[in-house]
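Handing you a structure now.
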Amino acid sequence: MNESVLIEAINEGDEFVGYYALKRCELKETDGLFRLELELSDKTGSLPAVVWNDAKELREQIEKGSVVKVKGLLGSYRDKPQVRIEKIRPAEEGEYDPDSFLKSTPKNIDDLKAQIESFIGSLSDPFIKELADSIFGKAKFMEEFTRSPGGKRWHHPYLGGLLEHTVGVTGLCDFAAGQHPELNRDLLIIAALLHDVGKIREFTVSTIIDYSDEGRLEGHIVMGERFVRNMCDRIDNFPQKTKMLLSHLILSHQGQKSFSSPVEPMIPEGFVLYYADEIDSKLNALGRISDRTADEGGTWSEYVKLLGRMIYVGGE
Amino acid sequence: MNESVLIEAINEGDEFVGYYALKRCELKETDGLFRLELELSDKTGSLPAVVWNDAKELREQIEKGSVVKVKGLLGSYRDKPQVRIEKIRPAEEGEYDPDSFLKSTPKNIDDLKAQIESFIGSLSDPFIKELADSIFGKAKFMEEFTRSPGGKRWHHPYLGGLLEHTVGVTGLCDFAAGQHPELNRDLLIIAALLHDVGKIREFTVSTIIDYSDEGRLEGHIVMGERFVRNMCDRIDNFPQKTKMLLSHLILSHQGQKSFSSPVEPMIPEGFVLYYADEIDSKLNALGRISDRTADEGGTWSEYVKLLGRMIYVGGE
Amino acid sequence: MNESVLIEAINEGDEFVGYYALKRCELKETDGLFRLELELSDKTGSLPAVVWNDAKELREQIEKGSVVKVKGLLGSYRDKPQVRIEKIRPAEEGEYDPDSFLKSTPKNIDDLKAQIESFIGSLSDPFIKELADSIFGKAKFMEEFTRSPGGKRWHHPYLGGLLEHTVGVTGLCDFAAGQHPELNRDLLIIAALLHDVGKIREFTVSTIIDYSDEGRLEGHIVMGERFVRNMCDRIDNFPQKTKMLLSHLILSHQGQKSFSSPVEPMIPEGFVLYYADEIDSKLNALGRISDRTADEGGTWSEYVKLLGRMIYVGGE
Amino acid sequence: MNESVLIEAINEGDEFVGYYALKRCELKETDGLFRLELELSDKTGSLPAVVWNDAKELREQIEKGSVVKVKGLLGSYRDKPQVRIEKIRPAEEGEYDPDSFLKSTPKNIDDLKAQIESFIGSLSDPFIKELADSIFGKAKFMEEFTRSPGGKRWHHPYLGGLLEHTVGVTGLCDFAAGQHPELNRDLLIIAALLHDVGKIREFTVSTIIDYSDEGRLEGHIVMGERFVRNMCDRIDNFPQKTKMLLSHLILSHQGQKSFSSPVEPMIPEGFVLYYADEIDSKLNALGRISDRTADEGGTWSEYVKLLGRMIYVGGE
Amino acid sequence: MNESVLIEAINEGDEFVGYYALKRCELKETDGLFRLELELSDKTGSLPAVVWNDAKELREQIEKGSVVKVKGLLGSYRDKPQVRIEKIRPAEEGEYDPDSFLKSTPKNIDDLKAQIESFIGSLSDPFIKELADSIFGKAKFMEEFTRSPGGKRWHHPYLGGLLEHTVGVTGLCDFAAGQHPELNRDLLIIAALLHDVGKIREFTVSTIIDYSDEGRLEGHIVMGERFVRNMCDRIDNFPQKTKMLLSHLILSHQGQKSFSSPVEPMIPEGFVLYYADEIDSKLNALGRISDRTADEGGTWSEYVKLLGRMIYVGGE
Amino acid sequence: MNESVLIEAINEGDEFVGYYALKRCELKETDGLFRLELELSDKTGSLPAVVWNDAKELREQIEKGSVVKVKGLLGSYRDKPQVRIEKIRPAEEGEYDPDSFLKSTPKNIDDLKAQIESFIGSLSDPFIKELADSIFGKAKFMEEFTRSPGGKRWHHPYLGGLLEHTVGVTGLCDFAAGQHPELNRDLLIIAALLHDVGKIREFTVSTIIDYSDEGRLEGHIVMGERFVRNMCDRIDNFPQKTKMLLSHLILSHQGQKSFSSPVEPMIPEGFVLYYADEIDSKLNALGRISDRTADEGGTWSEYVKLLGRMIYVGGE
């Protein structure tokens, strides 16, 4: 494997050589003239670049997610840095470290997995327990589940993000079940563990995180419910009612039709799952907004479009 | 089978005996006092009735959908007719005609089925054709599909309604595909034929039409997509992309998240299917609103909550 | 004190005598004719009644919340029970038990108070702790806080409801603070303890629970923030920033402008408080919907307007 | 002309004879049984009545707005008075006083007309002045304009209501034009005078106020703009730009598309007209809500659906 | 006529001379400094340009829609091509080909006109037929109707677009009328033919397509209805009801108040027209989005703001 | 005090020296590279500038609102002017004129103050009058009130803007109270005078206008109501009801929850205040939009996001 200058280490005026994954690779045409707009990335950041020479030819060799070898210079014009590319070519496997492109959860993966196991261990309904074992007990599944991000940009957008988020949501549900004995704890816990399982296929995770075609066209809610439903079907005598309620919880977990749930919660467990999901995902998103704002010395974040407001980080 | 006075033939003051299906059967309790609120129905109409004597005991024997034998008198107070029940008991199978309770489509069932066949015959993609055959070629499926209503109250709420509606929507899609050659006709036709197939299980159809529990908790969109997806999976080498696009079309056919679609149309065929569905279902609903209004001699319907307006029927 | 037949013990056809609080007392006039529409209540339920004789004169003696002595007969017409009043007059203090009209929280009040104390004991910021002590340490305040309902109808609508709800919300916030060390735990806990304190004055609680005029015209959010702000001002050197953030949390705790919060959460603690409040209030409301539905033998509740859906109670 | 007992003078138990206009005349059919639901009205109020005998035959002789001669008895059941009809037949012209059915504005008509004239007198643009004269100078127009209501139920729902409302709105616009010299006063005043002129035909005013068919199908905004546009076209050399801006002001005067304006205000005069219209119509509606509430001795109105809240009338 | 280099033929670095229409011509001032921002266009595309020298003087000679003679060089900076203007002056009539600036429908105009005629020929109501003849039978009208675009940017934004769109919508309505005999076919067809006729004046079409002032201030819905209404008024004895219903259909054809219709459909024909309009306009817009995306080699379009989503073009 | 070149006097290519307030001062970091984005302003305009050298060090010395001494050159690239900074340092007090940075109301301050006094003089309720005197009679308050802007950008965004706006709103309310004697004039006038008083602290006004932290976290509605409530509390025997209604009017003056009012108007005075506020603020905003558009020679403004439309300024 060859050396590669980390994105965060490149300063204005630096010449550099390295292997970068393409977060963006779009051929643009304006009145007959083609250019290739790129975004070079590794786990430490990303930089924009434009290729004007032989743009069409190059486009046939690379696409979003490709790794390229670049020799370039970080220029800057007015308020934006931009790479001037001197040489660029597709990289070949073996030349670069495939783990150098994506960030991972800051939490300890083994601890998180242990918490999943502990939740499963606490289940008392035999069918629900068997379902959990049949899913989380598979090494291949766990590998994917452990690697999957929780999102592309908004919350937990890094390797292990799905695992971290799942543990967070399940913890809250577990606490609420303790407060409210009228809740069906087993049902709530299994639904929390599996609520976002569809994200494993909603995203493609190679050198970058992106939506898959089916992720956009079907959505992780339906994809996850389909997977879980199929797993239930493989268990003899799995109770119809449990199957129906678990489907309902996964389908309704985003709480509102306008948030992509085809049905809205109609059992108390559905409300708890929805709000627990909101707490865990919002806190993760807010954490990264706060960090970024604080880094730049501000007390107020920029306007956050998804929230419709700015966030105050001057609390301490 | 015994005689039964048709609901529409009962006038105020009449004493009558008959077998009726219960559209409503609710035990109500107000401060310790129980009563059973019923709605007696056959295919010609329905009448409200209340039972005060032994309400709790009776409730244990009957429920929504049960058939009861009633001896009663149609009384009236102020502005509402109401049955005074003299005798009531659960009916036994064999005593009554099970087909006497539900209305059917006014269209000819065989004609409708022939149109379905004709649409299937026009498909050219071999996988899509095989899928259509594997579904509509099954006698048991066709029996259910032919019997299923298109809705509980709003549109095509009668036996054969799903079939009638499916033919209407597919016809419109077929015409649009002729106008717009850029559309994938085969994909659009199969999606139109199957878009509401989930309604077969969303509703329970016995002596009355009602939502099933899973119909409410999962919705016909997801239930239908699940069924179609499983049927695709049984066909060898069924193309992944076709599967994905067909799932997308069924999931997005209500056009908007707020109308229960977890994803919104992202391909042209999805827009056509959505609007074709709107045209056919709205015209059916409007037709029944118009008939009812005209029967009562009005030129304006009552306020239609689902539309947020009154309908004008004085056009001719 | 005299005997009074409990509402729940009155069956159709019973004659009864008792002391009841008026949940409703409205003089209605239609074309010159006056009648008094009443709702007689005690902690076991309520019954409607109409007075036609001397309605205007009687209205001058009684109003909503008054206690009346009634001699009546429970009649029924069609689907609704209604009291035929034979005699009615305002009751005098001493004649009746003033605690017989309102329900109380099913939880143990002392346990709940102990939990409040325990939360306060866990605070480490000296100013926040002093604030908590200065409020919850006052016997008079605690008496009102302990007696106050959490709502009029939707959630915790009974004596002690505010206390019960406050403990529930604070518990959830405490758990979330444990999961997420980046949260300012002290700030979150004090805000949770005080978020609904304005409800003490938003409602009037005598023999019935009702909104006060200022409760409607100002709302418990502003009323609560005003109270807490004034309490902060009495503490020497209370930090301006803490004051500002605590005001922000109380003002934003309903999460959205359309839910009456004049500002929306702009710090992570605000999001947690909002969702914790939703979980605790929704579960309480759902619990009572479920109980009522189950009592009547149903698996689906009636349509719940505030939620825009029915609730499924057939889960077990 | 014969005697007629005023609605407000009829008490429970009274027998009465009189001539009343029908505010409602609906043939209802439930399972083959017909009844005619009526609402008898004069300017002092209205009372419901139901006719069971020969309902269909009677319906062919009378309709909404017809005047009938009734011999009846005011009965009452539970909480609602209802007329028991002993005799009923269509009345003939000459038998009754045609002015006895509709209320009029409490303001002095001549004063209001003088204010209209005074506004017209203050116009300085010759074309706008000519337009005003050509409309308000016609006796036939003024008769209709003076008689027209401002609404069916919500605001100014009585004879002269349109005139009263027009004067109110124009007065506010005039004041605002004085405050803000950048406004085109002439344009604003003529638009205010004519903004609701379409209501003359949106409503039918005979013995009752009702929507006309075209009123519902086209709306007073378009109907009014059409009338004014045609009047402009009759004036030689009427400036195109003035015509366009006046059309814009009439079309946009309800301020928002969701309030039926096909375009929203795009000139400052449009904003003033919209808000002035809101102030005058809301105050009129609130005035009647307050009066009704105060009459019944309340400090809070019933829930006002159009406003989504209750109104406080305990201010004094 | 002189030569002109087509926009699509200009590559980066090329010097060129030509005649171009100005799609944009805005004098911008920032702190006292003026510049003229231009967009040069012909039917093959457009290019941005900025003029710094004598910007104010030049602005007095040219405006949006003017044709200019330009000598320039296509430069590029970073990600955007931009013309460096060496010489620029207003062009004079006769120097250039006035048909070189705007695109036309890809369909055959004569075929489209024949379809219009065929629809008119199929009408059976004599008044509706006379109305159609009196409008479409005028050569001057047909010239304008044939030339008018269907929109500025979103759908059918080219010469003949209105004609093409009208044929598409009428075809769908015709088919639906065949499916549903309860529809008034003549009324629906004439409304479809005329639904967007107001667009003839909503847009100005010279060398570019733009909104007219009255187009923005009044909207094509009201403008079209006004034109049709006036044409009806010229026909002796044209039935009032037909006039009213036709006005209703044109006014309500955008289906919802928020889409600028002052009234919403209240007759079945109105629903069909609305959805047919949606199908035809959406398919046209999607077609151009798909083409653009495919040209650039993508499977997903950019985010389409008006739809709130991306479009998938990877279907084949 | 030293000379300073006014922003409006700087032309492209000019070298200049001056003292400017920073409207923006943001340290941006992209992949390790820091730059400082500035906006230099005085009362005649503002210009963007970027500092690349020693950005972090400089940021520690200056912040938004700081005054800097700059030696620069106005460059331009493509379509945007931008200052090239040659020298920059924090300015020291005494070097510059502190009144040179912010615009003031174009109205005469003394006239405006006289109008306030005249409104106060017209009050007849002794408590309301005392309240007005206790607030507006304080020199320190009047100084702040007179200096405060009415907004940051949208309406009255200049010194004295609050005063000007208050006079405008109160004038309209006064007129409406004259038209409608049922309004409580004193209550309405005092509420109008104080409705936006919270803006004094919502904004910080030094060399620039900005939101304060508490302005964003609490909002001027609650801040203003708190101030007024405290002032009421200082007056002996101030009637509870007046206090409650005045709080209600201030809290509800933005008319809708979605516009940040925690309660919506429930008394007629609240509706008048809301619409009067809308008229005065909208006209001010529109005035500045119109001026800017006319300056650039346009008849249509750019798209105004807050209104969702363009504004027409071609009326004359």
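When the chains are written out, they are named A, B, C, D, E and F in that same order, and each has its own residue count from 1.
Here is the rule we use: a residue touches a chain if its C-beta (ideal position, glycine included) is under 8 Å from a C-beta of that chain, and two chains touch if they have at least 3 such contacts.
Model, not experiment: these values are computed from the prediction.
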item	value
Shared chain contacts [chain C and chain E, defined touch]	A, B, D, F
Co-neighbours of chain D and chain B - touch as defined	C, E
Angle of the C-alpha superposing rotation, chain B to chain E, to the nearest 5 degrees	180
Per Cα centroids, the chain farthest from chain F	B
Copies chain F and chain A - interface residue numbers shared by over half, same or different	different
Chain located farthest away, centre of chain C as origin (C-alpha)	E
Geometric centre distance via CA averages, chain E-chain A, whole Å	42
Rounded Å distance, chain C centre to chain F centre (Cα mean)	41
Sites on chain A at which at least two other chains make contact	213, 216-217, 245, 266, 310, 312, 314
Which pairs of chains touch, using the document's own definition	A-B, A-C, A-E, A-F, B-C, B-D, B-E, C-D, C-F, D-E, D-F, E-F
Contact set on chain A toward chain E in their complex	26-33, 35, 37, 50, 52, 59, 77, 82, 213, 216-217
Sites on chain A touched by chain B in the complex	213-214, 216-219, 221-222, 225-226, 229, 244-245, 247-248, 251, 257-263, 266
Complex interface listing, chain E residues touching chain A	7-12, 44-47, 74, 76, 78-81, 295-300, 310, 312, 314
Footprint of chain C on chain A - complex, ascending	168, 171-172, 175-176, 179-180, 182-184, 187, 241, 245, 264, 266-268, 271-272, 275-276, 278-279, 282-283, 286-287, 290, 307-312, 314-316
